[in-house]
Each structure stands twice: as structure tokens, then as C-alpha cells.
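For clarity, chains are labelled A, B, C, D, E and F in written order, and residue numbers in each chain start from 1.
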Amino acid sequence: TLIFDLDGTAIGQINGLAVANLGDYSFGRPSRVTASVGIGASGLINIERESRLSGRTYDKGLLIIDGYIRNKYAKKHPITLSASIAMEQSYGGIDGDSASVTELLCLLSAVGGIPLRQDIAVTGSINQWGEVQAIGGVNEKVEGFFDVCRETGMTGTQGVCIPHSNVKNLVLRPDVVSAIEEGQFHVWAVKTLDEAAELFTGLPAGAIDDSDTFHGKVADRLELMIDTLKKQPTSSGSHLLWTPGMPTGLPPDPRPPLPGDEGR
Amino acid sequence: TLIFDLDGTAIGQINGLAVANLGDYSFGRPSRVTASVGIGASGLINIERESRLSGRTYDKGLLIIDGYIRNKYAKKHPITLSASIAMEQSYGGIDGDSASVTELLCLLSAVGGIPLRQDIAVTGSINQWGEVQAIGGVNEKVEGFFDVCRETGMTGTQGVCIPHSNVKNLVLRPDVVSAIEEGQFHVWAVKTLDEAAELFTGLPAGAIDDSDTFHGKVADRLELMIDTLKKQPTSSGSHLLWTPGMPTGLPPDPRPPLPGDEGR
Amino acid sequence: TLIFDLDGTAIGQINGLAVANLGDYSFGRPSRVTASVGIGASGLINIERESRLSGRTYDKGLLIIDGYIRNKYAKKHPITLSASIAMEQSYGGIDGDSASVTELLCLLSAVGGIPLRQDIAVTGSINQWGEVQAIGGVNEKVEGFFDVCRETGMTGTQGVCIPHSNVKNLVLRPDVVSAIEEGQFHVWAVKTLDEAAELFTGLPAGAIDDSDTFHGKVADRLELMIDTLKKQPTSSGSHLLWTPGMPTGLPPDPRPPLPGDEGR
Amino acid sequence: TLIFDLDGTAIGQINGLAVANLGDYSFGRPSRVTASVGIGASGLINIERESRLSGRTYDKGLLIIDGYIRNKYAKKHPITLSASIAMEQSYGGIDGDSASVTELLCLLSAVGGIPLRQDIAVTGSINQWGEVQAIGGVNEKVEGFFDVCRETGMTGTQGVCIPHSNVKNLVLRPDVVSAIEEGQFHVWAVKTLDEAAELFTGLPAGAIDDSDTFHGKVADRLELMIDTLKKQPTSSGSHLLWTPGMPTGLPPDPRPPLPGDEGR
Amino acid sequence: TLIFDLDGTAIGQINGLAVANLGDYSFGRPSRVTASVGIGASGLINIERESRLSGRTYDKGLLIIDGYIRNKYAKKHPITLSASIAMEQSYGGIDGDSASVTELLCLLSAVGGIPLRQDIAVTGSINQWGEVQAIGGVNEKVEGFFDVCRETGMTGTQGVCIPHSNVKNLVLRPDVVSAIEEGQFHVWAVKTLDEAAELFTGLPAGAIDDSDTFHGKVADRLELMIDTLKKQPTSSGSHLLWTPGMPTGLPPDPRPPLPGDEGR
Amino acid sequence: TLIFDLDGTAIGQINGLAVANLGDYSFGRPSRVTASVGIGASGLINIERESRLSGRTYDKGLLIIDGYIRNKYAKKHPITLSASIAMEQSYGGIDGDSASVTELLCLLSAVGGIPLRQDIAVTGSINQWGEVQAIGGVNEKVEGFFDVCRETGMTGTQGVCIPHSNVKNLVLRPDVVSAIEEGQFHVWAVKTLDEAAELFTGLPAGAIDDSDTFHGKVADRLELMIDTLKKQPTSSGSHLLWTPGMPTGLPPDPRPPLPGDEGR
């Protein structure tokens, strides 16, 4: 009884793609990522890490996201936000950075208040400049989302967004190939976060000083949030719900990484 | 000699449901959760974690609660509170996020000063948007609360609140089924925190800017608390009774998770 | 050559009750708890924990005390104090929360400057609302304090304060029963911290806004302390003697818990 | 499908050189280092370390970089920056300080907004005064970059920058020697960071008070960044995206160091 | 070639007493404790602990010292100091709290600028009220200091200060007994820190508001130090040489405790 | 290809002496220590410790240095500095406090901008009062520096500075004895840091209020640095490049200590 949203749009919510491993058999399964953003100075809270459910490469992915945001939006103003990113309904530990495009899109949607399409699932690894890098298990991931869509009824608009450098790895099941050929299911390949953002939002990626674009909306909200915080007479350092870094000192997850990411 | 309250209402106190395991035999037992809230900037203190009695999924549950609060109440103002959540009379370690609906209701009751019904016990997992997700061991949990109520005398208003997605798992003992059919015991199924809040408080869930509703009362108190703190001339960062994050660096509980949550 | 005080009154000092285990033979022994309170912002320092001599349940007991104080005294003002609680002359590690009533009484005495009777020893576990919960080893604890009193000469006013829910567990030695029947030794059973406070101080428990009562005196001093700190021009965050949380990252005590608490 | 840039220039991006080990056979492979810099006070974030993917000597290298910056640029003003350094597309753990010249050049490029040549790869260890020290595996590293360049088409301007003290270790493959002799590939040997900076940027190294030089441009931007931060009314301490030091308390990477650095 | 001072007086320096163990044979040896105090807000730095050379009971001893200072001097003003306590020339790890009287005297001497006699060595454990408690190995400790004095030439004023509750344990070597009987060596027994302070300084212990006494001089300097710090325009929180708590997260000393303290 | 400076002077740079162990054979080798100092509030950064390359006694040595500085320079003003100390070109871990005189001289040179002779190498352990204590392996250390000097050509002014209490341990090789007798190599023995400072700088040690002396120059720069920091409008607490204490929570170096220090 996992909860998914496979049509319409939502803010701060996105469908990612993971690979589950059952002995000899592995299959893709979608996973829902959510980002919660508020006024405050808690920083970027990695919920998986804070609850010791993440591996090293997953954590590196979130640090790269942090570097992307610093490079993109903190050139003229500092950034102060209070945000948390969670893999919903995931309890068994997670590793790999193949969800970092997913997480960055989700976070920026929540910051900018920009709706994301729920009928597309995305996988890919990001670097500090927003380039999308290849990931493992691309076929299982595409097929896994296809199966979930078919189960609940295909809409014709559904599909997956994958790294351009993974196109050469695509060897899909005949039924998936047919659906794609008939225009019932879609595979989009992207080279940059900007291309993915345009696909998910319908907005041009744009520039941070153009409010009618994806990056402009995010930059405007970051500016608004820090302005709101500045108006608070007390020191902004204290507007903490959760103390970031709280679970430091805890050992890494001893469980093996998820199959789809292990093979990177 | 566990202490329970099975009638009337109370603020910052609620009956949860756990599953105890004695070799081959497992049975449900209620557990009391309390939340203590004061003026200050200690953040949200997870007492089980701070005393190294919690597992990873339990901690993730509290981080999700933190994300829920950020998303719901921190859109226009930052949030500064000093609160602690404890599983009373629990010493053996706890895991699983099946108490996260319980804890969130309890915390919001303590923040908003809103009385909660003590004749209902609740189980369920929450996500960052307040959706209630399925949990394990639902039958044992319902039967366990039924048994405790019968022991101290049933009032006719008592019952349990479970996730809607667990209704299909219900296969209860004949005596419990009879009591339900006779209207002596009740099972409520909810899809969202809002539905649970309305059940426990009799208030409409409402919106944060309507003071006559559940969310409005919580938002008003959060605003009042930060206003009170702002009037303090000293830096609010120092109004700490307990330093959050103090037990960082301590290893996780080596004990096995509680049975009811393990099976998730 | 342990140091005890078995008559008169003292501020910030109280006699607790522990159980020592020598192979097959276990016996009760009193323990002295002291609380030191000063102007400052170090928070509530758990000396046993900071020196890695405490177990998880002991630490949970102190977090519950913290929750009690937040709930009781921090409704209108934040609380800033600098206090430490120690088990004097204890070197071998401690676990269990059966000293939490003892510690809370001792701390509130030190905060409020309220003398506590030294001729009574107390045991019991507290919850966030100040309810006193059952503990283990009640007979050995009562007998242990009786023996210490007899050794140094009984005064006729001496006795022990135990949780009401432990009365049913009392099966005392004939000589202790005789002394109680002859009014030479006493056993008081309490349900709440308020009852214990009235027994130890002779003051009514009262309300925080009535300065002639136990809680009123504590509240007045907390207010006075924060007012004193506010008058300091430098940031109150720096008035630290010892950095709370300093020993974080240290492993828990590998030694087994004390016998009297293990059985909870 | 690793992403490299082998011509033109880029800011905050540089090609480093590592050695991969496959059983008996070891070979050089380039690695891309990126530095992201923004207004803020997060300090210098070592992404490898924060994700527990670095060894001790790698971390020491970044601390030496920190010492270099303190000594060079913090004589008249304090330094406040928010920067992160990452080894892109590296997941298997990293050790050794043979990338510290690489990282320092990359960081200063990002701080000063100074473009770096992408057709040169660099290796070398730095000390607190900016002297370049010998590293291991110099031949494999040179040959590895040569092979990558040849694969994508040599431009005639490409080459590697190595420590002067490693020149005596050079015993290159005949094809590499021929390319060098024909002016198709280049090996530059440097004794100081200043020499490397001039090679990569075409600017004179210069002095911190001469804005037309490498160090002058870096110093000007550091001054500009702290001035921008000062104009923020809220305490600069809160402009944190990621809390530096967050993953403290985590165990070091158990994996063996990379071969090229092990032999130092 | 250990350095000792066995006559005259010195500020912030004192001779303690330890027991060394060589297989079957154990003997006492003096140890020099020094305390360094400056203007600042680093708190009380336990050098042995910060370098992971201390055991749990040693650390508890320093926390008790912290509690003593809070209780004695922080009733009207907060305390801000920057002080470090070291066992000079000790490398092998230390445990036990038998040096806590020694350390407290040394610290108060350094704070108050009060000279301490160097011809007396002291041993004893302190509680939060300044009562001196029994320690182990008293005979070896007395004899050890006697031997060191005799080696460098006895002055007739030399001797040791021990807990009053250890007098009953004294069974000294004939040569030590003779020297004591002839007035060439001395044993002082004390019940409180005040008695020890009067012995070591020649000042009356006195009250904190009488500047001609031991406690008055300490209180005056604490007040002077916080006044000096207040005049600093920058936040006092930043006047740190060493960050207290820096080595948190490090494991305890695996070495066995020193013999003299083990037997407590 | 280690880098050494064996003539002239340099600021913040000094030659220390270590002992390397190759199976049965041990020999001395010089090591270069550098100190980087800037305006800021990072405190005293122990680079070896922060990269987990130091043992306990090495760390204690740096804490003693911190205590020395507090006692010497922080009597009238607090101290705020940002400094790092590194053993250059050392990767294998380090233990022992025989480099603490070396490090303290180097740090004070960097703080005061005072040139140090590079033709002298120094070894010795310091206490909080600046007394120089005996170290191990003195003969190997003297011979090791002699050999390095001879290799690069002796200048006639070169030599080593050792603790006075180690003079009695000197049994040098005949060729070293000859060079000393012929005035071609020198051994200076010192009892205090002041004597060492005069040897290395040619300045009188002096007093902190006399600007023409070693201590006066250091004190003047410390005052200048804090004055510079005070003029910064933002809180000085944020001028951090590296967060001190960042690697807390990491286990100590499992490698054995260096031979020369082990034997202490």
C-alpha cells in the first residue's frame, strides 16, 4: 500500500526511481521524494542521513546539491533556508547518488513554489554545475515506472526522464517499447538540470534575475525568505525546529546499498 | 502498574499502540505518549533518541514530523519552540514509525493547548504532507487496547484510530467484533492527520489563519510563543534547558526493534 | 566511609535509595544526590552522563525531568539556568530511572533555595506531568535506609518515601515492621511530585504564581535568575563554566546496570 | 561515460590526475575537481570528508589549503566564505594529498572568478607556504591524461603540470615522449603555486594589493564577499546552507587508499 | 628527570600524590598539577580529557569541581573564565578522583592569584559542597612524598594533607613515623576544602564578600575577569584559544586506571 | 625529496627533530613545522589532530601550548586568533610531545612576525609555565640533523637546541663530537622557552609590555589582531575558514607512535 501520485502536478513532491533486489531477480520501483521548506535557518536537512538510513554516496549527492545551490543562487546574497528532503515510505536504508537530480528538482520546486508534473519519474546524478550524469539500472527503472503506471491506468502523458548519457544503455522490454512507439509512454533524455526543470514545470529554465523563469522564481523566493527572516528581531540562528547535524557521531548504515546504485 | 487514562481529555497526552513480543506469542499494548512544550529555543527534543533508546525508523518518524510542521506552519514566520516527546514507562528501546501520527497529534495538542480524547488510541505513520500511511500489527494493536479498556471497564465511547489503508488487514477476535457491532467499541479509519485531529479534538482541522480551528489554534500559539521570546532582551539562543543534540556520537540501540514495527 | 546526613534539613541535597548486588546477596544502600545551581546558561548538566557513568534509562530519567520543568515553569517565560546533578560517592556506573523523583526534588530545592528534610530517603520514577511511577527493589531499599539510620542512631522521625503503586510490593523484615508499628520509622507513599515535595519541605505544593508555596518559590527564583542574567551586558550564551554536551560522542557505559533498576 | 572538458577555460573547475589500480595493472585517469563558492559563512566544505569518502592524508591536504589561505589572504582582514570542493564522479573513496595543488587552484579560481585552462591537468602536494611537493605515480598520471586527450582528439596545447621535484622520476612511454618532442603534448614542472597559477590563468601571480594579478583578484573578491555579508542585517553566522562539520563522529573510510597516493 | 618544587610558594601550581604500580610492587609518587587562567570564555578545560588521557572517574571529579564553583561563586553573577588544568609530565593516562581536592585548590589559586605552599602535597576527593572524601593508597602516597623530600633534602616544614576520613588507614613506615614524631615531616588531615585552603595559603577561608579571605579573593577576581570581558566590544563567545569539547567523539582511554585510584 | 631550509631566517617556520624506526635500526630525521596565522576566530587548529594523524600525547602537547599562551598573554585581554600548526611532509601519524617547544616557538614567531633561525633544529617538551622538559632519543635526533646539514654543506653556524635535562644523556658519534669540538656544529641546552626564543631570534625574551622584546612583540600583535577583528561590524564568531573541532568523533590513529617519542 504505497502512496503514489501519477497525474497532475504538486509542489515539493516528485517521483524518483529505485531498483529493488530479490535474490536473483531485480526490478525497478518508483519512490516518492518530498521536500518541506519553511522560513528559518536550519539549513538543508537530509532526513535519511539524520536518521542514519543513508550511505556515503547518497550523502555526497546531497552535498553536491548544496554546492549547486551555492554556486547558482548565492552569488549576490547569502542563502538562509530551512528545508528537509525525505524518501517517503523508505525504511531499509538508501545509497547511491542516482536520486540527486530528483532531489534537487523537488527541493527547488518547494523553495520556488513551482508545481512539478507527477506523471513523470526521474533518475540521474547531478554535479555542482547542474550537469546530469549517468546512473545504473536504467532499464529496470524505466520498466518499473511503466508497470506502476499500467497498474493504475496509463494516461498517455506518463514517462521517465533519464540522463542523456544513459540512452545508449536502453534495452527495454517489448511491451514498453511498443507503448513508447505508440506514444502511450515516454522517455525523455536530458543533459542538464535546466532541461529537466523545463520538462517538469513547463517554464523556461531562465536566469535568476528573470522572475518569469524557473531559476528566477526560485531566486525570488530565496530572497523573500531571507527578507522575512531579517525582519524577525531575534537572532535568526534560533529559528530552529530541528538542530541540523544532530545525529552526528552515529555509525553509517551497515546494510548493503540498494542494488541499482551499487553497480555504478 | 502502568498508568493509563482511558476517559476524558488531556492536553499533550495521548494513547498510542505498540506490539509486545513474548517468544511465540505477541500481543498489543497501549503506550502513553506525552509532549511537553515551553517558551524557548531548544527545538524538538526526541527523548528516546537523546537517551539512545530509539532505532533509525523511529528517528526518521520524528524528522518527518519536523518536516510536516515546517511545511504547515513556517510559511510566513519562522518557528521557535522548546518541546520534548516521550514514550512514558518505556525502557526497552523502540523502533518503527508507527507512532508518528500519535506523536504529531500529541505535540500539536501541547503546542496549541488543545485537549485530546483519552478514550481513543491511535496508530499510523505520517508523511511530510500529513497523509496517514499503513502500519504493521494492526489486529494485535486494536485487540490490545480493547483488552485494557475492558479491564478497567468499558465506557462505550472507547476505540482505536487506524490508517485507512490498514482496514483491509483487519481480522479481529470475535469478542472485539461483537463489541464493535454492539457499539461498545469503535474503529475509526483515517487518511490524513486532519481527520485524526477532528476525531480527537472535535474541532474542524481548518486553516492556520482561522483561530476557531485545530490548525489555527496551533498557529496562533506558535506565533504567541515566538512573540514572547522576542520580548526577552537576551539572545533567545540561550533559553535552553537541555542542549538538543547532546547525545550525538552515541551508538544506536543494539536491541532488536519492537515486533509490531519490524514487519513493515 | 560514605558521608550521609540523616537529620535536619539541607538545600540541594537529598538521600536517594539504590540496591547493591554482591553475587547472590543484594541489599539496599542510600545514596546522596546533590544539585548545584548558579546564574548562567549551561543548562541542566547530568554529571553521570558527562562522565560516561550513566546508562540509557538513567539519562531518559533526566530528560523527563527536563520535560517536567519545561511544562511546569516555562509557560510564560523561557528558562535559563546553570545546574548540575551528581550522585555523590558513586563511581561504578548507574542505570535506571528510579532516582528521578529524588533528582527532581533535589534540583527544585537547589533552584528555589528550599530546605529538604535529610531524615527521609526517597525512591520513585517521574513522568513529564509529575506523576510518580513504580520502581523495583522497594523492600531492599526501605530496609537499607532503615539499617543506615539504626547504625547512626534512630531519631524517630526517619523513614522513606516510595511510589504509591509500590505499596502492594512491600514485604519488610520483622524488625523494620516493628519499628514502623512503634512509630520509630516511617513509610510514606506518594502519587505525585507535589505530595513528595510537601512531605520533604513542609510547604504546600501550590501554584507557580503563589510565592508562599513550593512551586511559587521555584518559579520566583527562575524568574530572578533570568532577570539577573539579562542585566549582564555580554551575551548570556557565554556564561559557561562547563560546556554541556562536552562528552558527546563517547560510548555508553559497558558495565551492567545496578541491580535495583535492572528488574524494572 | 565520465564527463571531461579538455579545451577552453572554466571557472572553479580543473582536471586533476589520479591512479587507478586493477590487480597487477595500474593506470592513470584524470578526475575533475569543482569548487562552488557563494556568499555565506559555512567555511570551506570538504565534500569527500563530509560524506566519509576521504582518508586522513586527503583531509590533511585540505587543512593545509586552509592554512595557505589564512597565511596569504587573512593578514589584514578576516576571511568569511562559503565554499565546497568535490571530486566529481568519484564514489570509491579517496586518500593522499596529491590533489592539493589541484584543489587550491580550483578554489582560488572560483573565489576570484578567474578562468582556468581545461587543457592542462595538474598533480602535486602543497604546503602552508604554497610550495609544491613531490607526489607518487607521476608516470601513470601523465600517461593517463595523454590517453584521454588522444581519445578525444589532441589539440596540441594539452599537457600536464607536475611538481618540479618529480621531474627526475619521469620515465614515459615512447608514444608520449614522441608527442612531447613533436610539441603535441606538454609537461610543465612547477615549484610553487604561483608558477602553476600563471600557467593555468595567464595572469601574473602578483601581490594581494594589485588587482591586475591572480592573488589580487582573489583578495578583492574575498573583500567583496565579506563586505556583502556585512551589509546583511541578520547575523552572518546563520547564512548556512549546510552545517560544516555535520558528519563529524563518523568513522573513517575503511577502504584502502588509492594506489597513486599510497606509495608516498 | 621530573621537575618538582618542594619549597616556597607558587600560584596555580601544586603537588598532588599518585600511586605507581610496577608488577607486585607499588609506590607513591608526587605529581605536579598546574592551572592556567586567562580572560576569556573557553570554560574549564580538562587537558587530560581533551587529549583522551583520562578515565571516567577523573572526568567526574572535574565536573564536581565545576559544580562546586557554580554553587560557591555563581549565586549573584554568572561566571565566565578560560582555564586549563593539567597533570604535568604525565603521559600514561589517569583515572580516579583522588586528585580533585588538588585540582580545585590549584584552580582557585590561579583564579585568585593566591600563592600555594609547595612544601605540602595533597590528596583527596571533593564533593559539590567542598567536603573532602576518603581516597585509596594513602600510605604509599604519604611515603612517596616523604621519599622525594628526603632525596632533595628535607626542610622541616614539608608534609602531606590527607582526608580526615583516611586517618584511620594510616600505617606508615618506621622512618616516616620517626620523622613525623621528630617534627621533620607532617601529616595534616582535613574535612573540608576550606581547611585545606587555609593550610596551603595561610589565609582564612572566609566569605566571598570579604576580600581579605581566600574565597573573597577568588570571588573578586572572577568579578574582575567578567568585567574585563564585558568591556570587549566583540561578543565574548569568540575569545577562544581552544574550543572546549573539541575531542568529543573520541573513545575513552583503553588503558587500565592508575593503581592508587582503582581501589576506591 | 623533502624540502628543508638550513640557513637564514623565516617567520612561522622551524626545524624540529623526529626519530624514524626501520626495524632494528633507528635514525633521527629533521621535520619542518609551519604555523599559519591570520585575523579570525578559528582558535588554534591542530592540523595533525584534525586529520586524525596525531596520538594522545601529541594532542596534550598542543593543549599545554594553549595553556602557556593563556597564562602568558591573556591576563589583561582575551585572545582571539586563527592559527594552524602542521608537520609538513608527514603522512604516517605522529605521537609524543617532544615537538611542543618546536611548535610553540613556531607559533609565536608567526603571531609576532619574528624571524627564526633556520640553521638550528630544536626538540623538547614544554609545560604550562614555559619550562623545557626532557625528551627521548636525543642522540639520534642530534646526529640526524648533523647528517642533513653535512649533506647540503655545513655552514659552521648550524646546530641543535635540546632540553638542559637531556645533556646528561648525550653520547654522540665521534664525527659529530669532532665537528662540535671544532666549532663546526653546535649543541645548545635550554631550561626555558625564553632561552630558546633568545637563541632563535636574537631578541631578549623580555616582558609582554616591552615592545622591543620577543614576548612584547607577540603581545603587541595579539592586541593588534583583536583590535582589527573588533572593527569588523559582523560578529567575529563567523570569521571561520575551518571549523575547529570539525573531525571530532573520529577514532584515534591506530598506528603505533613514532619511535623517538614512544620511549618517554
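In this text, a residue touches a chain if its C-beta (ideal position, glycine included) is under 8 Å from a C-beta of that chain, and two chains touch if they have at least 3 such contacts.
Fair warning: this is a prediction, and the values are worked out from it, not measured in the lab.
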Interface sides of chain A and chain B: same vs different residues, half threshold: different
From chain B, the most remote chain by mean C-alpha position: F
Distance between chain centroids, defined by C-alpha means - chain B, chain C (Å): 29
For chain B paired with chain E, centre-to-centre distance based on mean C-alpha positions, whole Å: 50
Per-residue overlap in chain F, given as positions that touch at least 2 other chains: 41, 229, 235-237, 245, 248-251
In the complex with chain D, residue positions of chain F that touch it: 1, 3, 12-13, 34-42, 45, 47-48, 50-53, 82-84, 86, 88-89, 91, 228-229, 232-243, 245-251, 253
In the complex, chain D residues that touch chain F: 41, 43-44, 49, 56-57, 59-60, 63-64, 66-71, 73-81, 97, 127-129, 131, 133-134, 165-166, 226, 229-230, 235-237, 244-245, 248-252, 264
